[in-house]
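Both complexes below contain chain A, partnered by chain B and then by chain C.
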Partner chain A sequence: MSYVLSSERADALFSELKKQYRIFAPKRFKAQGRYSDTDIIRYAEAASLEEIVFDEKSDYPAKEVISPIQQALFFFTEDEYRASKGNTRPILLFARPCDINSQHIQAKIYAGNGGYVDMYYERMRETVKFVLMECPSSDDTCFCVSMGTNKTDDYAMAIRVDNDGSVKFKVCDEALKPFFSQSTVAEYEPKFVKENETKVTLPDIPNKEVLGKLKEHPMWKEYNGRCISCGACTIACSTCTCFTTKDIAYGDNPEVGERRRVTSSCQIDGFSTVAGGASYRNTAGDRMRFKMLHKFHDYKARFGDSHMCVGCGRCIHRCPEFITITNALNKMCNAVEEIKAEKGGAEK
Partner chain B sequence: MNRDINIKKTRLNCFRQSKVPGVFMLQMRVPGGMVDAKYLEMIEHISKTWGDGNFHFGTRQTFDICGIKYDSIPQVNEYIEDYICGVDAELCNVDMNKIAGEPREWDPKSGYPTIGARNITACIGNYHCICGNINTFELARKIENLIFPSHYHIKINIVGCPNDCNKAHLCDFGIIGCAKIEYHPERCVGCGLCAKKCEHGATRVLSLNPKTGKIDKDPCCCVGCAECVKACPTSAWTREPTDFYKVIIGGRTGRQTPRLGKMFLNWATEETVLSVLANWQKFSAWVMDYKPEYLHGGHLIDRAGYKKFKEIMLDGVTLNPECLVAEDVFWAETEYRSNYNVKPLETHHAAGPQKA
Partner chain C sequence: MNNPLQPQACEIISVKKQGGHEFTFRVKSDAKPLPGQFMQLSLPKIGECPISVSGYGEGWLEFTIRSVGEVTNIIFEKQPGDLLFLRGPYGKGWPIEGIKGKNVVVVSGGTGLAPVRELLNMCADEQGFSKSTTLICGFKDETGIVFSDDLDRWKTKFRTIYALDKDEKSGWRVGMVTKFIKEVDFKGLGDDYALIVVGPPIMMKYACQEALACGAKEENMWLSFERKMSCAIGKCGHCRIDETYVCLDGPVFPYKVAKNLVD
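What follows is the complex of A and B.
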């Protein structure tokens, strides 16, 4: 069922929803951007509908709510430990189709990989219901249509804020329907972006031989001189899941503390350092190659259904060096075609 | 040429004597080095009509038009009325009918009333630059009406960040845009990039704590450049909303005693900076017994002594709570952090060809 609410009614609804749910949504943080007098838009608990940024894509992804940059896993004292409680109240998470689709990918890594379920992810995910934020249009970094992630039906409720301030809702979740018992019924079906300005072609890597040659291809060397290995792309990524854990002692007592999970990035120097000090992927180009192949070959080779990218374009938006994943994909495609052509030539 | 010319008067009118008798160069003020590009047509017209067809960027960011004959000066002055009114009177809110705060009627066709306070220069600041913390030319426009028109000399340079490209350390009053930085540890992934940036490009106040995986900061020596904010991939470092400034005094070049300026104020807000600068006329007048001389601000500070300077400049000023003031000034080379360069040998920078 769909409804239309005036801006005042929508505010009142928001207040009602807040009594039962924690509401997380993209919010504008004034002047907290990378450069002075620039803003960032990131996820945080929203106090009102007005705080939510609808007309611009957030700089950081919705995944930050479900798998926060930092979280306590358990607390320890001497020989005892206790798991953290995590979030206990139900959450409404305002998210775009790319962010919602990314959770299907994240779930594969956290809860469908090697028969092990990450309880910290799972317990949080179970508290979350998605509120689909309709995309009025896409910006020039979006390529969700190419990735097939521009649509979703995985939402409890869909929302569109019209220019006159009125708000349309499509409510699917039974638990949310009572909130709308007094609301005006309307015709509303969320629209999805049908075409992006940016389009990508995905590389077709047919076998291990081509994959091997692609790894050796000189295209990756360009990134040695351009990428500064800051990891902003993976932090902004809707799908990346890498984290590290660390035991933090409280004050000067090493027997009391917590085990903490902190987001990590394959792009940062030292990510691949192993016990004994050996390190792999020692150049920015190597790390870029790893990321690209992980996202556009390895993940699909393991899980079969999709690539590990939803085309949200946040990595492009956040890269301080103007490196675009879309151009890297084009280069990969060209390199693969080059390798295939060489192979064909050699066979003749 | 045989003509009786009072060159001190022409200089006061912003026409500078050249080595060719009777030929002058006009210097037009561009507060903060930024004006509407429409004025370039005026510059071209002056240059082609009365000048020698050339144009020079003044070292203090003035529009300099050379080759103007003495006889043309009245016509040029009449022509630049629109420029002076548009830029100084309107853009900078300058009361042209005052000199150093005292009423004095200005004939708009007579050109600049004084050369005293020099053009306020500025880097492009955060209007464009990724390093800039403040809008430099907007600040210049707010300061212009505090120092101009006045016969008292003062050179003010504004910079958007402590990199000091526009040399706040080499003028009477250098104003450096700074940011106070907030840390959001819950967003920090412990990559240490900020600490590397701070070590390579600033004062090495950040370090990655291996026990916590977070950043420790020595806040006393932070220069407020915000390189950590720029470097951070997660927005764990952000600028506080208020703009802050360092005020550097007494820097200068010259034939006698060139020196770098020293810090007078740190973490001053715009309001503090403006109210301090509003005392400049009073200080200059006091030092020179109320008779303007062709002497720049730094020399006035020397004559009065820093303590007297401080007393008059801070008179009636309510400092913002964060603002720190130099108790004394030790004129020497500038070091933001004493002995900051005394550090482990292996971290020293190498010079010359290195082994692979």
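What follows is the complex of A and C.
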């Protein structure tokens, strides 16, 4: 069922919802952006509807709510590791189709890979209901249509804020319906972006032989000079899941402390270094290759259904060196075609 | 909800120094690892790392830790009765069913001996487990030697070639393990053998090359990988190579799979 609410009524509804739910949504943080005087839009708990940024894409993804940049896993003493307590209150998470689709990807890894379910991910995910934010239009870095992630039907409620301030809702989740018992019924179906300015072609890597040649292709060397291995792209990524665990002793009593999970990045030097000192992928180009192949080959090879990129374009926004994943993808496609042509030529 | 990352406190039964840098801890544990599997060891304040199980029995486990850097201080403090924290076992170990009844050839470098120790014990003690056993085992120098008691015992049970990279030692040969692989007659063993290679990455690379040059067949070879691991349950991404997770799909791989795992 769908409804339309005036802006005052929508505010009142928000207050009612807040009594039962914690509401997380993209919010604007003034002058915290990359350049002076630029803002940053990231996820935080929203106190009112007004705080939520609807007209621009957030710089950081919704995953920050479900798989936060850092969290305590355990508290330790000399004789035990005690698991941290997680969030128990239900959450409404305002998210766009790319962010919702990215959770299907994160879940494949966190809640499935190897038959192990990560408790920290799962217990948080279980408290979350999605509120689909309709995209008014896409920006110049979005390529969700090419990735097939522009649509979703996985939401508890969908929302559109119209120019006159009135707010439309489509409510699917039974538990949310009572909040609308006094509201005006309306015709509303969320719309999805149908075309992006930016389009990509996905590489078709047919076998291990082509994969092997692609790994050795000179295209990756370009990134040795350009990428500074800061990891900003993977932090901003809607789907990246990698983390490291650290034990941190408390200053006032070094025998107790916490085991913390901290987001990590395959783009950073040392990501693969073992205790004995051996390391792999020692150049920025090697690491870029590792990231690109995970996004557009390896993930799909393991899990089968989709690539590990939802085309949100956040990595493009965040890269201080103006490296774009869309260009890298084009180069990768060209390299694959080149390899296939060579091979075909050699076989003749 | 079950928490697969939960470490279990295990009481230390004994601590034994092995050679110059290594310590073998025996702890109380009911975990039942298979040869070649690994566990995650937690040292509070230091963190967690993967560790091969170098021995096990009813109610206990053993693992051997190199005391370097940060870990050293913590390890020196640990006494029998103190606690260590473990979770696991994880990963895929040696393909016991595929090895059973065959001629077993093990080539190990340094502490690479730890993950094959129980397998070698099976070869030594279980009647008929292997048709024949050959161990080529090398260390950098005398202080690097681990499991000397086992080395002495195995010498009496099957064919052994022990070597130090450069130093002389009575009863030991001089040179890298790679040098002695040609003394194994792979052709003579027919197709009926399993070749197991464990050690540092470089050593495994050259040992495999040499074995292939000596006529060993790819499909009869296995290796064990060492990779950085944070979670051991396929979540953290550290151990991944292409679509393979070493923590889940390894650490033991058939050579045919391992040869494509390059990065």
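Keep this in mind: the second predicted complex is superposed on the first by the 345 of 348 C-alpha atoms of A that agree within 3 Å, B and C clash if a C-alpha of one lies under 4 Å from a C-alpha of the other, contacts with A are read in each partner's own complex, and residues count from 1 in each chain.
We take it that contacts are C-beta pairs under 8 Å (C-beta built on N, C-alpha and C of every residue); 3 or more make two chains touch, one makes a residue touch a chain.
The shown structure was predicted, so the numbers you read here are calculated from the model rather than taken from an experiment.
Once chain A of one complex is fitted onto chain A of the other, the partner contacts of A:R28 are absent, as it touches neither chain B nor chain C. Measured by the number of chain A residues touched, the leading partner among chain B and chain C is C.
By the touch criterion defined above, A:L73 reaches chain C but does not reach chain B.
Using the contact criterion defined above for the overlaid structures, shared-chain residue A:K246 touches chain B and also reaches chain C. In the superposition on chain A, A:K343 contacts neither chain B nor chain C.
In the superposed model, A:H104 lies in contact with neither chain B nor chain C. Of the two partner chains, both chain B and chain C are touched by A:S264. Looking at the shared chain after the overlay, A:A301 reaches chain C, while chain B stays out of its contact range. In the superposed model, A:A278 lies in contact with chain C only, and not with chain B. Touched by chain B in one complex and by chain C in the other are residues 246, 249, 264 of chain A.
Residue ranges of chain B in contact with chain A, taken from their complex: 126, 130, 132-135, 179, 185-191, 193, 211-213, 226, 229-235, 238-239, 241. Residue ranges of chain C in contact with chain A, taken from their complex: 1-7, 9, 42-49, 66, 68, 83, 85, 200-201, 226-228, 230-231, 233-238, 240, 242-243, 245, 247-248, 260, 262-263. Contact residues on chain A toward chain C in their complex (touch as defined above): 73-74, 76-81, 83, 109-110, 113-114, 116-123, 208, 211-212, 215, 241-247, 249, 254-255, 257, 259, 264, 266, 271-276, 278, 280-281, 286, 290, 293-294, 297-299, 301-302.
By the touch criterion stated above, chain A contacts chain B in their complex at residues 29-37, 40, 42, 59-60, 68-70, 230-232, 235, 246, 248-249, 260, 262-265, 268, 318, 320.
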